[in-house]
Structures are given as structure tokens and as C-alpha cells.
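Below are two complexes that have chain A in common, paired first with chain B and then with chain C.
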Partner chain A sequence: MGYQWNWGIFFQPSATGDDTYFGWMLAGFKMTIGLSLSAWVIALLLGALIGVLRTVPNRFLAGLASAYVELFRNIPLLVQLFIWYFVLPELLPPSIGEIYKQSNPILQQFLASMVCLGLFTSARVAEQVRSGINSLPRGQKNAGLALGFTLPQTYRFVILPMAFRLVVPPLTSEFLNIFKNSAVCSTIGLLELAAQGRQLVDYTAQPYESFIAVTLAYILINVTVMTLMHKFEKRIAVPGYIGGK
Partner chain B sequence: MIKIDNVSKYYGDFNVLKECSTTVEKGEVIVVCGPSGSGKSTLIKCVNGLEPFQAGEITVNGISVGDPKTNLSKLRAHVGMVFQNFELFPHMSITQNLAIAQVKVLGRKQEEAVEKGLKLLDRVGLKAHAHKFPGQLSGGQQQRVAIARALAMDPICMLFDEPTSALDPEMVNEVLDVMTELAQEGMTMMCVTHEMGFARRVANRVIFMDHGRIVEDDEKEAFFANPRSERAQQFLAKILHH
Partner chain C sequence: MYEFDWSSIPGSLPFLWDGMKISLEITLQAIVVGIVWGTLLAMMRLSSIKPLSLFAAGYVNLFRAVPLVMVLLWFFLIVPRFIEQLFGLPTGTDLRLTSAMIGFALFESAYYSEIIRAGIQSVPKGQMAACQALGMTYGQSMRLVILPQAFRNMVPLLLTQGIILFQDTSLVYVSALADFFGAAYKVGDRDGRLVEMLLFAGAVYFVICFAASQLVKRLQKKYHPA
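So, the complex of A and B:
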């Protein structure tokens, strides 16, 4: 094949001279982590809220939550990203739009990516939370109400603590997905891990080393997430119940 | 104490309860029986408003259950209910199961609630299990905890919805013993159950339901000696001969 392997490439100064190529990869790695974690916080909070609303007796609230879920999970992630980044700033009132458009371009990319990934994933989290709530025996809700709890108290003390325990495994999947989906944000120019990998290829003509490094970095992230979530799952296990002792 | 007056309930077009009327006086023990699908569980769930009904009126201690202005949570806090599947909260220890509603609903202090809970746990013979979780207890033990949990709220009456139907046969008696003791202490009780031995021992009246209708509502002696309706005769013949 005649390919010249050169793993030393990562320690050579980059073309712009201010860093090594390893430094580029590290910057991308940090960006991917920062973006994914901040989007995950949005996804988890909003997803929990929307998921709960889908199960409440109030038809209007439940319908609103359903509409939210259908909107965000039926439009491709890439299209959503373009809408957040290219279209929405134009629709803002001019005064706010100008402030946004004159801000740091990296900040613009980051905000659009964070909101996009967060809301996209929140619709998926909402579905997991809803299915967790619906999989609990109906009698649990009645038992809470029969003791004199209000409906919000019943959710808070009876339904949600069990529902969240049940959905930790599927939520782990979503957590892994958000790191992988963050690669899509390279399409609007955000220099996260995948984008840095591609940039490295452009500057060094060492595609194998570059993408092997990117691959390993994603695997490292996801193995870490899986390990942590598994530990978390064990810690919150209920004695005498699923997964407990 | 409990007054059920001409109550009807529909699921869509399906008429589950048809003009049911009865009363439970203070200190009375009423057993509700009947074939499955006859509406007995639905009726008892209407009493504390867990199931809505479309016609008629139910009052508990003079408070109308169907009135939209009634604060149902407040009413339910003083109407104990025990379910077929126990419905303890699996993520809480037994102690916390007993205490939480006292603290969050009645506003008692945690220590006070725990003390009261443990006293009742002792009464149902399970003090040694206070630190365990529901999943670590047998069905009969869980149901006794569930009764203690309801009693911890100082209920003015108790509703039992087939409390022994989900139990292994050898565990039925430990639960019935607790219920019998409760009845003898003068608790007002409405029990949906097929345990005719229990009905014979402690019930004042027996209600027999079929197809959503209260077919018989009799003193227990009269009910067992000579049920008036053919349907009740058939039912008793089937469940009493073994």
C-alpha cells in the first residue's frame, strides 16, 4: 500500500505553530466533553419534565408534551442543527439577533450546538421517563393518593424514585448517544473531536493515525460513561427488587 | 360513617356500577363479595375517590366524595386503604414506608412518625423487620406492614380491597388475624374479600354484588343461612363446599 505510518506526528508542532497536533486533539476532546455534558444537563432536566407531563391526567399538558416529543424526534438532528445555527438567529428580534451575531463565533457555534443536542436528546429522555412511569404498577399511584398525598407529592415520593431507577439503563444509552451525536456539530464548524481529526488529516496527510486516535478517544469516553453509570446503577439498586441484593 | 347512595359508574358505554346504595355505620364491619367483574373493587375505590363515578352520591363522615370542591387528599388521609398487591413503596425501608405519609401529609415530626410506625409494626408482629425493604419480606408480611402503614394515619375507617387474594394460602391467616383483631377493637371496616370464614367471624353485614348491582345486603346470619337471590346461592355453593 505504501502508506508511511508516523505516530510521532502527534508530537510535532502544528502547522499554525502554537501547539502540537496532540494539543489539537486534546482541544477537540475537551470541546466534545464540554458540549456533551452541558447538553446532557439540558436533556435530563427538560426530558424529565416533559416525560412526567406526558403521564399527567391533564389532557392539555399531556398533549403539549406529546407535541414537543414528536417535534424534536421527527426532524433529523442535522436539520435541527442547521435551523438553530443558520435560521433561528435571523428570526430573532433584530436587537437581540445583532448582539448574538456579533458575539464570538465559537460561542455562537457552541450555544447552537448545546441547545440543539440538548433539546433533541430531551425528547428521547422524555420517552424513556414516560415508559418508566407507565411500567410501574398502577396501584403504586393509588397507594400514594390513598395515603393523602397530592398528585405532585405522589410523583415526588412514590412514582419518580422508582421510575428513574428503572430507566437508568436506557438513559445510559442516551448519554452515550449524546457524545456520539456531538460529532454532527462539526458541520457548523465547531472544532470538537471529529472536526479536529479531519483538520489533522488536512494538515498532515496522516488519515490513519488521526482517525484511529479519534476512534480511541470516543471509545475512552464511552467506556468511562458506561463504567460510571454501571456503578451508579448498583448504588441506587433497591434491596429485594430488580438489580438489588 | 360511609353512605353510598344510588351510585352509577360507566367506563365509556360499559355500566360497571348500577345504582348501588348501602351504608356503613361507625364500628361496623361490612364484607363485600361477589364473582370477579361484579364491580366490588370499583365500588370500594369510589369510596375514597380513587375511581370517579358519574351518578349518585357517596359521603364519608358527612363529606361528599364526588363534590369537585372536596379536598380529596385531605379526606383520603383519614380513610385507610389496603390493596390486593400491598403497594408498599419498594425504594423505602419499612420504617420509612410507615413514616413518610405521617410526615408529609399530617405534618408530624419524623421521630414522632417513626415511633408511631414502629409501635404499629410491633402490633402486627413485625418489629424485627423495621430496617428491611419491602422486597425482602414475604407477601403476608408486606400486607401486614401495609395495614400498619394505613393505621399510622389514624384512620376513621378502613377499606380493604381483596387483601388476601394475592397471598399464598399459608399466609392468608396471618393477615386475617390482624384484620379480625382490628374489627374486634371497633374499627369501621369495608372489606372486599372472598374469605367467608372471616365474614362469618367478624362481619356485621354481607353485601353480595353481581354485574355491577348490589344484589344482597343482609345481616351475616341471614346471608349465610338463607341468601335470597339465586345468584348468591350459586356463588356460596361454589365457594363454600371446599
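So, the complex of A and C:
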């Protein structure tokens, strides 16, 4: 159909002259990785906390945690992202809002994306942590209490060490999701992998090569994370449990 | 403090409703295509014919490794041009909605096929053996015995995936379609009331998805009292 393939395009100097097109892709790749990993830290910490709170006997705390999960699970990621990016700075007290709005735009995009992805994923992590805790035999908790542990001690020494190990396999898929979901952040102008892909199409006029390369980069991330997590899962698996297998 | 002004919402409701219809249309067709094509993929994946199961595994793994945004961009920027050339359509034919729908359906099928595969595998093996002992063909046993039971087990999961899918339709924003979210964004941008429109859109999605997920929960309790 008359399309001129040209894979050499990636090594030509880019339109702005200071880099090659491959350099653009690499920058996007790094942004995707950096964003996803920093959001994952937020997601794990908050998710673990919220997930634990959902299982405590205190009605108020458990209710608060489940409201949190419902809120973040029932609004599309794109809408959440736009709210973080466009709405929140307006609602801050003017003095703080102004400082924020005058900061580096790339920093603003990154912060909004990181917080948004982190909180969005934390709700999912919380659900996995909760089901991990609930999957433990009830006797474990009762045994802890019967031995005279307080409830926090029971969580700290009996329930959580087991639950966190059981929950690793389902968390792998959330970890994979965070990399894929980070592509949504291209919509607010953050120059991660998908956004660089769009730019490449515009600047190089080689749409097929650009998109194939970016798609392969996502597959590479996916395969790498899966391989690493598989090794980790094996090391951390609780002997005698079929658990995630 | 920020002064809210919700006055652009009432006048734009018909436009927003048109957008919602597009969102629902995409959701519905993606669910239908997703379940049909997903079932076929799941059966291929479990089949003993090597090329078929390899194809299905490749398809599912490929689509599950790539972000939806990326798939939609493929079907926004690349595929329409390809189709134009293939069928000799005049350039500039508006294929955005069709293309987004195809992209969506193909993407979601991969996820549906995984749910359905798990459903089929949850039916005890003896059922298949019993069918064969009764002289049924593979097709007959699937259609009359295995799939009806598998689907019954899967209903809550399929519906939950439908809710996720409805949320995902907001991503057609990348192909500049006026679905519900796109419409809300356009109104907010036009009136300089982005804050209100985005919050409104979020609230509408929340109400719909929360209500739907509560319904699914009740359904699940009714059919699978744990």
C-alpha cells in the first residue's frame, strides 16, 4: 500500500535538534517508570493501611475505610486525574494555590499524576489486603487474643505477617495495572511513553514505526515486571499454602 | 475561596445526555462483542488444537500487556487511515466512533475471555466426561452442559467487568469523541466552568457505578449465598 518503512527514523536528530527520536522515547519510558514506581509506593502504604482498617471491629473506622474504597473505585481514572489536575488547585486556599500554579508545569503534571494514580490504586490494593486478611482462618486472630495479645499486637505479630505474604500474587496484577494506567496521564500533557508516541507520530510522519515501538516498550515493561514478581512470589510463598497458585 | 457557579449545568443537560448515550452505546456493544468473542477465545485457549490455543493465548496476552489508552490511540490515529486505504474510502471519512468501538471491543474481549476461561474451568471435569459418555459431541457438551453452568457462576464477575468497562469508556476522550465525559469537559471549557463540570461528571459516574455495583452484590448474594 505504498507505505515507506523507515526504522532508521529513531536515530535521526529530533525536530528540536537536541536529541534523537529514540531519546524522546527513552525520556517517555523513564517518565512512565518513575511515575508508576512512585505512585506504587503511595498505593502500597495507603492501601495496606486502608485494607487493615476495613477489617477492624471499630464500626466508624471500618466504615470510613470502605467509603474511601468505594469513592476511588467508582469514578473513572480519567475523571479523577482531571479533578486532581484542574479542580484541586482552584479549591486550595489562594495563597497555597498560587504558589502551586506558578511552579514548574511539568512538576504540576507529575504531582497530580502521581497522587491520582497512587490513591486510585490504593483503593484496589486495600481490597486485596482486606481479602487476604479475611482469608486467614478465624482461629489465628482468636488464638492471638487468647494468648493475651491486644488487638494491635495480634495484627502486628499474627495476622499481618501472614496476610502480607498471601496477598503478593494478587498485588502483582495491580502492579502491572499501575504501569498501564499511567498511560492515562498523557491526557494532561505529561510526556510519558504514550504521549511521546503521539508526538513521534506528529513529528516523524512514520506512524507505524512509532506506535509499534511504543507498544513493544509497554510489552517489555509488562514482561519484565511479571518475571521479577514471579521470582518474588516464589520466595515469599507460604509453605503449605496453595495461596495464589 | 473559590466561588462555585453551577449555572451551566441545567442548560447543557440535553448535550450531556447525548454524550451519555454514546458512553452507554460503547459500553453495551463492547459487553456483547466482548462476551461472544471472549467465549470463542476462551474455548480456543482451552482447545487441544495447538494453533488455536496459541493464537488465543497470544491475543489475550498482547491486549492485556498494552494500556487501553494505547489501543485507543492505535484505533484513532493508525487504523482509520489503514481502513480508508484498504476500502478506498475518501480520506477524512469520520470513522472515529466506529473505530473506537472496534478497539474497545477487541480490548475488552481479552479481559472477558480470561473471566470466561476461569468460569469454564470451574465446572468439574466429570461433567465433560459424562457428556462424552452420553455420546455428545464437543460442541454439544459445551453448548448444552458446560457453558450454561459456567455462565451462571460468572454472572457477577461479568457484570462487575461491565461496570469497569463503563468507567473505561471515558478514555475515548483521547479520540476526541463527545461521550459523557467529553461532553462535560467541552461544556466546562466553553463556559470557563471546568471545576464545576468535572465535579459534576465525577458525581454522575460515582452514582451510576456505585448503584450498579450494589445491585451486583445483591444479585451475588441471591444466587451464591456464601
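Keep in mind that, in the parts below, the second predicted complex is superposed on the first by the 240 of 245 C-alpha atoms of A that agree within 3 Å, B and C clash if a C-alpha of one lies under 4 Å from a C-alpha of the other, contacts with A are read in each partner's own complex, and residues count from 1 in each chain.
Criterion: a contact is a pair of C-beta atoms (placed from the backbone, for glycine too) under 8 Å apart; a residue touches a chain by one contact, two chains touch by 3 or more.
Because the structure is predicted, anything quoted here is derived from the model rather than measured.
By the document's definition of touching, neither partner reaches A:62: not chain B, not chain C. Of the two partner chains, chain C is the only one that A:79 touches; chain B does not reach it.
After overlaying the two complexes on the shared chain, residue contacts for A:37 are found with neither chain B nor chain C. In the superposed model, A:111 lies in contact with neither chain B nor chain C. Touch counts on chain A: comparing chain C and chain B, the chain ahead is C.
Legend: residue contacts after superposition of the two complexes on their common chain; A:27 is shown touching neither chain B nor chain C. Across the superposed pair, chain B and chain C touch chain A at no common residue. If you check the complex, the residues on chain C that touch chain A are 1-2, 62, 64-70, 73-74, 77-78, 81, 85-86, 167-168, 170-171, 173-174, 181, 185, 194-195, 198-199, 201-202, 205-206, 209-210, 213.
Every residue of chain A that touches chain C in the complex is listed here, in rising order: 1, 70-71, 73-80, 82-83, 86-87, 90-91, 93-94, 179-184, 186-187, 194, 197-198, 201, 207-208, 211, 214-215, 218-219, 222-223. The touching residues of chain A, counted against chain B in their complex, run 137, 139-140, 142-150, 153, 157-158, 161-162, 165, 238-241, 244. Those residues of chain B lying in contact with chain A across their complex are 45, 48, 50, 72-74, 76-81, 83-85, 87-91, 100-101, 104-106, 132-137, 149-150, 153.
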